[in-house]
Every structure is written in C-alpha cells, then in structure tokens.
Amino acid sequence: MARIPVGLVGVTGYAGMELVRLLAGHPDLELVQATSRQHAGTPLGQLYPFLHGRPEAKIVVQSPDSATLAAACRLVFLAVPHGAAMEVSAQLLKAGTKVVDLSADFRLRDPEVYAKWYGLPHQQRALLEEAVYGLPELYGHKVTEATRLVANPGCYPSGIILGLVPALREGVISSRDIVADAKSGASGAGRKPSTGTLYCEVSDTLRAYGLGTHRHTPEIEQELAVAADSPVTISFSPHLVPMNRGILATSYGRMQQPLSLEEVHALYTSCYADAPWVRVLPEGTLPETRWVRGTMFCDIGLVVDRRTDRLLVVTAVDNLCRGASGQAIANANRMLGLEPCTGLDLPPMMP
Amino acid sequence: MARIPVGLVGVTGYAGMELVRLLAGHPDLELVQATSRQHAGTPLGQLYPFLHGRPEAKIVVQSPDSATLAAACRLVFLAVPHGAAMEVSAQLLKAGTKVVDLSADFRLRDPEVYAKWYGLPHQQRALLEEAVYGLPELYGHKVTEATRLVANPGCYPSGIILGLVPALREGVISSRDIVADAKSGASGAGRKPSTGTLYCEVSDTLRAYGLGTHRHTPEIEQELAVAADSPVTISFSPHLVPMNRGILATSYGRMQQPLSLEEVHALYTSCYADAPWVRVLPEGTLPETRWVRGTMFCDIGLVVDRRTDRLLVVTAVDNLCRGASGQAIANANRMLGLEPCTGLDLPPMMP
Amino acid sequence: MARIPVGLVGVTGYAGMELVRLLAGHPDLELVQATSRQHAGTPLGQLYPFLHGRPEAKIVVQSPDSATLAAACRLVFLAVPHGAAMEVSAQLLKAGTKVVDLSADFRLRDPEVYAKWYGLPHQQRALLEEAVYGLPELYGHKVTEATRLVANPGCYPSGIILGLVPALREGVISSRDIVADAKSGASGAGRKPSTGTLYCEVSDTLRAYGLGTHRHTPEIEQELAVAADSPVTISFSPHLVPMNRGILATSYGRMQQPLSLEEVHALYTSCYADAPWVRVLPEGTLPETRWVRGTMFCDIGLVVDRRTDRLLVVTAVDNLCRGASGQAIANANRMLGLEPCTGLDLPPMMP
Amino acid sequence: MARIPVGLVGVTGYAGMELVRLLAGHPDLELVQATSRQHAGTPLGQLYPFLHGRPEAKIVVQSPDSATLAAACRLVFLAVPHGAAMEVSAQLLKAGTKVVDLSADFRLRDPEVYAKWYGLPHQQRALLEEAVYGLPELYGHKVTEATRLVANPGCYPSGIILGLVPALREGVISSRDIVADAKSGASGAGRKPSTGTLYCEVSDTLRAYGLGTHRHTPEIEQELAVAADSPVTISFSPHLVPMNRGILATSYGRMQQPLSLEEVHALYTSCYADAPWVRVLPEGTLPETRWVRGTMFCDIGLVVDRRTDRLLVVTAVDNLCRGASGQAIANANRMLGLEPCTGLDLPPMMP
C-alpha cells in the first residue's frame, strides 16, 4: 500500500528535524515535501547530512507555497513561528489539505488571551473555533478523520498539564496555589544562531528565564481550568539546562484532602489506565528525562509531603518528540484514519 | 611573614579538592597537613596531578590523627561525612586547634532535629552550643579570633537562605508558603564511585531527588525562622543537573505586601549593602551559575509576579566555593584574625 | 508468527542496555531471558525504569545458567568480560544454542596474540577456529544459518577497520605507516562505578589513555593485514571525550599512489556499494558522531593531503549500536535466517 | 603604586572575556579602556553580568579609536580578527603605545606564507620584522621593555610546538613524519552566533574540521623548523570537542634514535627545567585538559612506542589562558618591566 503523502513547512528548526526523523521510521506516512525559504533548492541530505543515503535525503527543499503543498500532501505539518502559522493554515485548509500546526496560533481558545500574551491580534477566529487542542490523553477522542486542524500543544504544557490534570479533576489540590518549576534542554531554545545559545554559553551552567511571563503560561492555565472546572493561575518558571532534549517539571500543589501517596498514586494510575504513553512511575520512583528520550512517554512521579501538605508532581517529556513532533504525528495518525500509535512505538535511547 | 599552618581532614572529596585549590592561592594560610585513610603515604601531587610542580604537590597525605594535626596546625578544616566530624572536632578542640567543620554535625542548633533528620544522636551537645553557623552575611560578626568551632553551612542552604532572609525579615512574604526548587551540579553528589553519578548517567539528563526529605531542609528552615521570627516550613526540592559546579535555586514566596519590584529590589540592596559577596542583580537580570563559578558570590535575581502575588527569588552560588570550601576559608580568616576576604577575591571563570 | 526467543548474559552494562533497547524494537526476535548475578530476581523494569510499561519490563533477571538459557533461547548474546565469555560460549554451544559473543574472546585468530594482549591463555582453541569475526561488510557472507559462534567486533575496530580496508586493499596507502587517533564517548568506559568515570571527572575535559597498549590494537592490525595481504603495525591512540555515545577516529596513511580525492572517493564508494550501513560521505563532508547516533551507520570522510602525501580517513560509529549491540543483532539475524537489516533500519537521533 | 593602564580592543569575544578575567586579578595592570564597535556605550558590567559589583564593571565600552587608546594606555591588547589587527597595530605603535596582538597578523615571519594561508597580502612588513613571536619558553628572552610589538601565538600552536620542540632539537624524531591530532573545546570556535556552534550542535558529538588546511599549520611548521633546523611539514588535524576550554593534542613522531622513555623524559625535563609553566608529567601519566583549566600550564605526557618506533607527545593547554589571553599578559608583563609570572600564578580549577 502506498504511504500517505504529507508535507512539512519549516524543516530547518529542531521540530522540523525531529519530524523528519520520526517520519523516516513511519510505516504509513511519507514525507513528500519539505519547505524552507532559506534553503530552497537544497536536497534534504545536504542540509542534514545525517540523512545521507536514506530515501528522505533526495527530497529537495522548496520555498513554501500553499498550492504546491496542497496539491501533493493530504496533511501538512507547520513548524513555523506563531503569527505566520495562522495565515498558512488558512490557505492550506482552503486548498483542502489538513493541518497540524506546531505553533501557538490555535492553542488558546480565547483570541483576547492570545492577543495579550502574543502581542498580536488573532486573524483566524473561525479556524480557532474549529481547531482541536491536540493533547492525546485529553482530546484524542475529538481528533478524527473529520478533523481538519489540530493545534499541537507546546512543549512545556504537554508534560505539566498531564501531571496536574488528575489532581485538579478530583480536587486533590487547590486550583489557587500551584507552582510549576520547569527545566528544559537547549533544543527548546530553537536553532536560530544567537550568542545566548552557543555551546559555551549553555554548557556547565544553568539559568532561569521568562519567570512569570512565558507564553506557555496561559496555555497551561487554560487546560488546568478545564480540569478544575474553575479558573487556575499558576507560577510557571522555565529554566535552561545544559542538555539537548527533555523537560523535567516539578509542580507543587496545596493538598485539599489528606490523601496518602498510595491513594494519589491509585488515582493517577486509574486516570491514565488507557493512555499508553503516560507512565505513572511506581511509588518512590522519580522520572529522569533520559528515560523518555526520543519517545512519546510522559513519565509522572508523585510525592505526598505531609510536612507541608503539598503534592509534588514531577513530569518528564522529550520536548521534541512528545512536546512537539511526535505528538504532531499522533494527531496526524488520527486525522488520517491510522492507529494513533503508528510509527510511535519508540523505545527510549539510553544512555 | 610565615603563613599560618592549617590542615585538612578528608582531602579526596570535591570539597577537599576545592580547599586545596583555594589554599594554593591564599597569601596567609598554608596547607601543611592533608589526610585520607585510603591514600595515606601518597604525595598530593600524585593523588591530584593537576598540582604537579606546585608547592602543595609535595605534601604527603597522612592517615588522620588528631594529635599530629593539632601539633602542626592552628586550624583544621573537616571535610568528612557527618557523624564522623563531631568526634574529630572534639579531639582537635581539646588539643587546642580550631576547627571549621564542613559537615552537617554542628549546623542544627537543636540536637533533636539533628537526630531526626540524620538518624543518629548528637554526641557533642556542649560543642553544639559553642559552634557558630558560618554564613558570613548572617553570623560573620560572631566569628572572631575567640571562635573555636564553626559549622560551615551546607551548599543548598548557603544560597537559599541568603535569597529569602531579607523578604522574611521585613515580612514581605508569608513564612507559611515557601517553595524552594533547587538545581545542583554533579559535584554536589560527591566523589565516591557509584553508578548513579557516572558520566553517562548524569549527562544529557535531569532528575529530582530527595523531594521533601533532603537533610538540608531543617537547616534552611532554622535560619529562615530566625529571619521571620516565627517557624518556617518549606518545600525544598533538589535536582541534579549535568554540570560540574553551581546551584541555582528558584524560591517562591507568597507576598503579604503589595510591593513593586523596585521596592523589593531596594530592600534587598540595602540589606546586603555591606556584603561584598552578595550581588543583588539589576532589576530584570536573573543569575546564571557560571557568573559565580569558582567564586564566593551569591547572586540574587528578583521577580515580583503580580498575577500570582508571588515573589520569586533566584539565587546562584558555586556549591564548592561559596557552598563549601570558600566559605570555610572566609570563616577561617576571621578565626585567625585575617581580613575575611583574604584569598577570596576571585573573579568568575567564564566560560 | 511467534518471534524467535533469544537471551542476554550480562544485562547491566551499556552493551546489555543497548541490546534491550534494540530488541524492544525488533520485529522477529524476542528477549526471553536476561541474566545478571548481581540483580537476579529483579524485574527488568525495576532495574531499568526507562522500560516501565513496556513488555520487556516484566522479564525477571536471572542468575546466569547455561542450561536454562539453552532450554529457552535459540541464540544468546554474551555481554560479559573477556575470559568469562569463552567458557560460557562453550557451554551454550554444547547445549545446542548459538552464541554471539560481544567480548574479545574469539576475535583474535591467533591464540598466542590473545594470550599476549589479554594476559591469559585461550581455553577454547577449537571454538576459536570455528568463530566468525562478525564485521558485516567483511564477513557477512560467512555468517549463515550454519554459523554457531560469532565474535562480535570491538567498538574501536568496527569503524577504523572499515575506514582503512579499501585503501589497504588497493595499495593506496602504505601498510607500514598508519596512525589511528580515536575518540570515544564515555559509555565505552563501561558502567562499573569508578572515580575516573564520574560525571565530574569526564565532563568539560579530555584525556588520552592506553596509548600504544590498548587491546583493540591487535584486532585492528589483524583485519588490516588481511586487507593489505601483509603485516600491518599501527599506532592506535584512544581518547575519552565528554559525550555519551560515539567514536570518531581520524586515521592517517602514507599515500603510495598520487591519487586525487575524487579517485579515492570513487574507490571507497565502489567498495561499499552494497553495504547499506557504510556511508561514504560526499567529498568535502566530514562525519560527526551525532549523525550516526543510535544507528548501524559507519560514516566515512576522506581527505587527500597533497602537502604531506597523506590520506586521512575520518570514521564515525555509534560505539554501542554499530560498535557492539546493533552489530550483534545484525549477526544474529543472519545466524537465524532473517534479513541482516531486520530491526536495524534506525534513523539517527538528532540532536 | 598605581597600576599600569592597559587597553583591550575587542572585548566581546572569548579571548577578550578571558583578558578581562585575568586583568581583574592582576596586581600591577589595570584595564582602563575596552572597545567594541557593537557595544559602545555599554558598561562592562552590563555586557558581562558576571562582573557585576567588581571595579571593572564600571568601565564603559568604547568604539575603538587608536588615538584615545594610545592616550590612556601604555599597552593595548588586540583581540580582533586577522587582517584588521595589522592596521590597528600600526596606528597604536605610531602613537607610542605598545601592542600585544592576539590575532595571526604578525605570527608568520614570511609575508608570502601569510598571504597564501590567510588569503590577503601583508600590509605591515616592517612591523612584521619587528614583531616577536610571544611563546615564552622559546622567545621570552627576546621580549623586553624595548619590545613594542608581540605576536601572541595561536591556541593550537602554543601546546603542539612546546610538545615537539625538544624532540626535534635533539633529533629524537624525524622532521618529515609528524602527525599532530588536536582536540579543542568550543570556545576556540569563537563567540559569534552561528548554527554550527549552538549548544545542541556541539553537545554530545564530535567532529573534525579543517583537516590539512587549518591556518595554524604554517605557524606550527615555522617554529618546528627552527627547532629541527630544517623544513618541517606536518599533518595537523583539529577536532571540536563538547567542552568549554582546553586543547589536547596527540602528536606522533618517527623515532630516529632508540631512546627509552626514561631518556626522552630526562631530555624534556632538562629542556624545560627553567620553564615554570611547562610541566613534563611523570612517566606513565598523561595530561587532561582540566588539569590546566584556567592556567598558563602546558602539560606534556610522553609515550615511547617500541612496536611502532614512534614517540607520542600528548600536550594539554587551556586555549583561552595559555593559548591566548594568559600568554598575552605574560608578554605584556615583560614588555612593561614586570616579572613574567605576575598575575599568572593560577591554580587549576578542578573540577
């Protein structure tokens, strides 16, 4: 059976690179177009020598053109900056091609919130209403062959939301006293040249950034509010860690019920009983980012701290796979009538 | 003028190694004895080839013996595990030699708290009362030539305490709702061989450990309680980061007064006006561990988050220098009648 | 169709860990037994939490016993130290189970050379004659369903041999003037606790070791001599690099023919025309270890230096996959009648 | 006594940053001017927050102007690209200020060689004749208070030359068969934003570059030829390693005399008997870059390989300190009548 042709707009960033890697191992999807304004005309194998000799290497990078993409692809992944994605999405959908948008453009349901945090008005409000937020464990059932547009979740939200939803749904923790302290590998900072992300500026050091102002904040709050069925305001603090991939987040909630670790663990296990990619680790085991490297897993470790009446939830995801391109493929699978896990049964790369 | 002879018990760990490095550049102290049961008889230059050709290289490591140490040294640094240090301290003090203890044995004023967190009874209660907690900005004035015993602060507490004391003293934040999320380089895990700290188990990954149970918790709470003048209970969460040195801690406090960032910044700047090693960074600048690499600096970055009514305090210290051996030397300087900063005016190593 | 049951002796090292990872993604082989004296009784998912939730996690580690292994497995991978492997191999073969030995015990055809470099006499000379040296590009045709015992090549030799064989076969370089300067990631140093391989002893530094004495030297010389059809003596220099996986080797040969880069490139391309895992990179492109991360690729970059009349051959392999466990599976595939590439079509993990 | 005022042209690169660090600890030199076209007007403490609170932080970066520099400084360090340096040097010298040029502009005595390797004609031939090549162990005696212009050696040459000179001087190895395989940390690649030196492109990987074409080749050959008293042609191969600082080079020479390791070691020890910064390590000990981190040391390890009749010389230097800015200060010390070691008695930073 011929594989389903898909396209990729924005092949030069790390999310694009990861999509290429994952599609290379996908049995039912075939990357047929990849675009980049800067590198148009270059074979993918030259842009990415790690593809040398593989079939993908022969794809010639093209300048992005919605008509060409739509003609060749049943679905297109957008790995372009926010702001740009909403326009391209509209064009592609009009031309009859499905879209998984990895940018933030369709993640926030309220366009005013979008305007406030991203500093520009939303131009595609109708599409915004149509878009499904593509976190599989929460909205997988809504992503079907009828779905045209999926807003792929941000890297930080992917893990933090999954880690806090069960506790908020069941009222285990207060919705008004949450801290999410997150630590990300450097691929989260993108592949654009800049002094601040040079090897010597990231290696052997650690920094916080965007405290209280990071744009993933409203996205996390939006989904936690759904779970809590009430507004949620969190302190979300990202940090940059000298590693390539992975996000570890330690979230702190004020317990409202005197549950034991055993009880909380049972609640989480039950919540994710049918979620193949969420692993609630055994009591006493805390996640490490390498345990999920290159995979779709979201690992969750739980700590009940009686001294402080806090529930600590530690989550680990691979920011490029689960937090971006792998999740995008999971959504594409559903939109194209494939099993959600197709091409995503990936064992972690250790060490 | 002859330099003052000092000794070091426990030369093989990272704190010991750092003491050797700092004493090598100290104008008024001279390392004359270094001990290690395992390496007795080995010249320091053979144990540590990085000392080859330097004067320290010729020191022959000895088996620890309090009488020999006391005979040769006016002050001895103890870089041995907790539990062992209290006994050695007693012997050395009895023999007339001053002690800076880098272990936890004399940090907690309440022996019951010690017994509870360290799992063994305190054997030197009289000395415990005599010991001064050697955090220069808080107790420097108490460390004088009359001081015989200093309890050198732990690595995590050194930064976190300095970061929260001003806010607690002035009632800016509540004493009942504090989270301290800390991230440490791997030298904090010690130099003992173990699978968990091998290069391939730490590199390119991130983990949390000891959540809610780390032994630095009561030490931090003890000093914050002094500042707040009321009991303090914190959630303290350490993480292991793939870097050699450095601790970055992001602490979250609930604001009790509607202060602006400018006001909080002024308060901190004023609090540390006479503290040469505490740098309250300009508003908008957050610390990075490399900016303090190899130095005594404790850098503090402040964020006032109106959305959540939280004060975020980010602190960075070098766990080996400020968080252990440099601070030990600062204390030794005072105990021996030297200027506190002697040998410690160290510019950061960048990159 | 049921998968073919295979076993693994020595699951706790990095080669064992990598075998578990690769078998987890293999469609036709099923890991049914894994042994470790130290961890007998522990489920694999507890020993390796990164396997949590996967089918392999339920395998309970056993104490190694040849009869039990032979009863359950059609083939067993040995990831145990040299010396131990020859005895276990003999037992397993006697019991009717095939063996891929990842140790050095059957790599050197001359038992005297083995005795000299490994410091112990060879106890299984008959098996030594039977064993096939499992470098696919050189001896793949000799590994068939009739093969009982394969000596899996060493990590350094895997890349260096492939890089030099074409030039030596065609007399492009002299067999008497070869330097192979190799750089390996820390997983090559094993997973045993030791001070020298702690994170802080390997990170942000670089060292050479075993210059002129490393045990992979005779293995490389043995295969180069076959290619050159005359004795070869090389200077082989390994170095330890702060990275997890990968070996980059820069080999220097004295040119005996005035060939251009184009000509040498054509010769290499032709030599490896049928080798799916050897990628002779385009002229002007030099390999990087990350381009082969997690894969079977051996990338080769060529430089003809007219000024010095030297041919430089840069090779990159993943020491754990191509240099150990992936290659072991390639050999097992052949021994069990499967296509050699089964389960090994792995795109590189970038970044 | 007032410190001697010095200036720095090009403060934004890693060599500039290291000069600032070293001058901050220098007792007799005071940085009074620092220039950068891009950052003119910015206080140094804002450009480099690691200087916050230190006296240097108040220096306001200026646009480079030779007259202003000459008016304020007795000596200026040039940390600008080759090509630019020769012009600025001429201006400064004319204005009566001494110059230590960290670029390559005055390192090669033959302007034709310069033109060939650097691709531009030399515009200051008279100054080229006047310039002293500032490798202290070879030309320290030529750098005096009368010296106006020093060509500071390149980072790779600093270690490789020192490692091979003794053997070539005494004819221990042939001048016609030398390979120098060098590995550098990423600070050697500079601080300009570029994709290739981003954290994620350098971390956990390894690459070779500039094989046979690197511009440090003629510089190394020039000085080795002086030692050998005959032309020398080497294969020099640089590699990029995931670490911040340090260069390790393994050099291979063909032995012309059947000397033992003991004899070669004695020869090297004698050659560097009066060189405080060259450490010929004990027989059997090989250098590591961290042992020289932040220092002026050049560590040398020796291996005599009887099997191949090769002498292996492993050298380690800190590329920023010994290989650039520290060496520049050593030269400045001499040019200003100070003791050569002033401000450079730096113990290595471990770990």
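Should a chain be cited, it is by its letter among A, B, C and D, assigned in written order, with residues numbered from 1 in that chain.
By our rule, a residue touches a chain if its C-beta (ideal position, glycine included) is under 8 Å from a C-beta of that chain, and two chains touch if they have at least 3 such contacts.
In UniProt terms, the chains line up like this: A, B, C, D = N-acetyl-gamma-glutamyl-phosphate reductase.
In this text, all values refer to a predicted model and were calculated from it rather than measured experimentally.
Annotation of chain B and chain D: jointly contacted by A, C, touch as defined at the top.
By number of C-beta pairs in contact, A-C leads when B-C and A-C are compared.
Set against the C-alpha centre of chain A, every other chain centre is closer than that of D.
Measuring from the averaged C-alpha position of chain B to that of chain C gives a distance of 45 Å. The geometric centre of chain A is 39 Å away from that of chain B, both derived from CA atoms.
Per-chain Cα centroids separate chain A from chain C by 36 Å. Along chain D, residues 14, 185, 187, 200-201, 203-204, 242-245, 288, 290, 293, 351 each make contact with two or more other chains.
Looking at the complex, you find that chain C touches chain A at residues 14, 17-18, 21, 24-25, 46, 48-54, 187, 203-204, 244-245, 276, 279, 281-282, 285, 288, 290-294, 297, 299, 345-351.
Residues 14, 185-187, 189, 191-195, 197-204, 242-244 of chain D are the ones touching chain A in the complex.
Chain D meets chain C in the complex at residues 177, 179, 181, 183, 185, 200-201, 203-209, 211-212, 233-235, 237, 239, 241-246, 248, 250, 252, 286-290, 293, 301, 303, 305, 307-308, 310, 312, 314, 316, 351.
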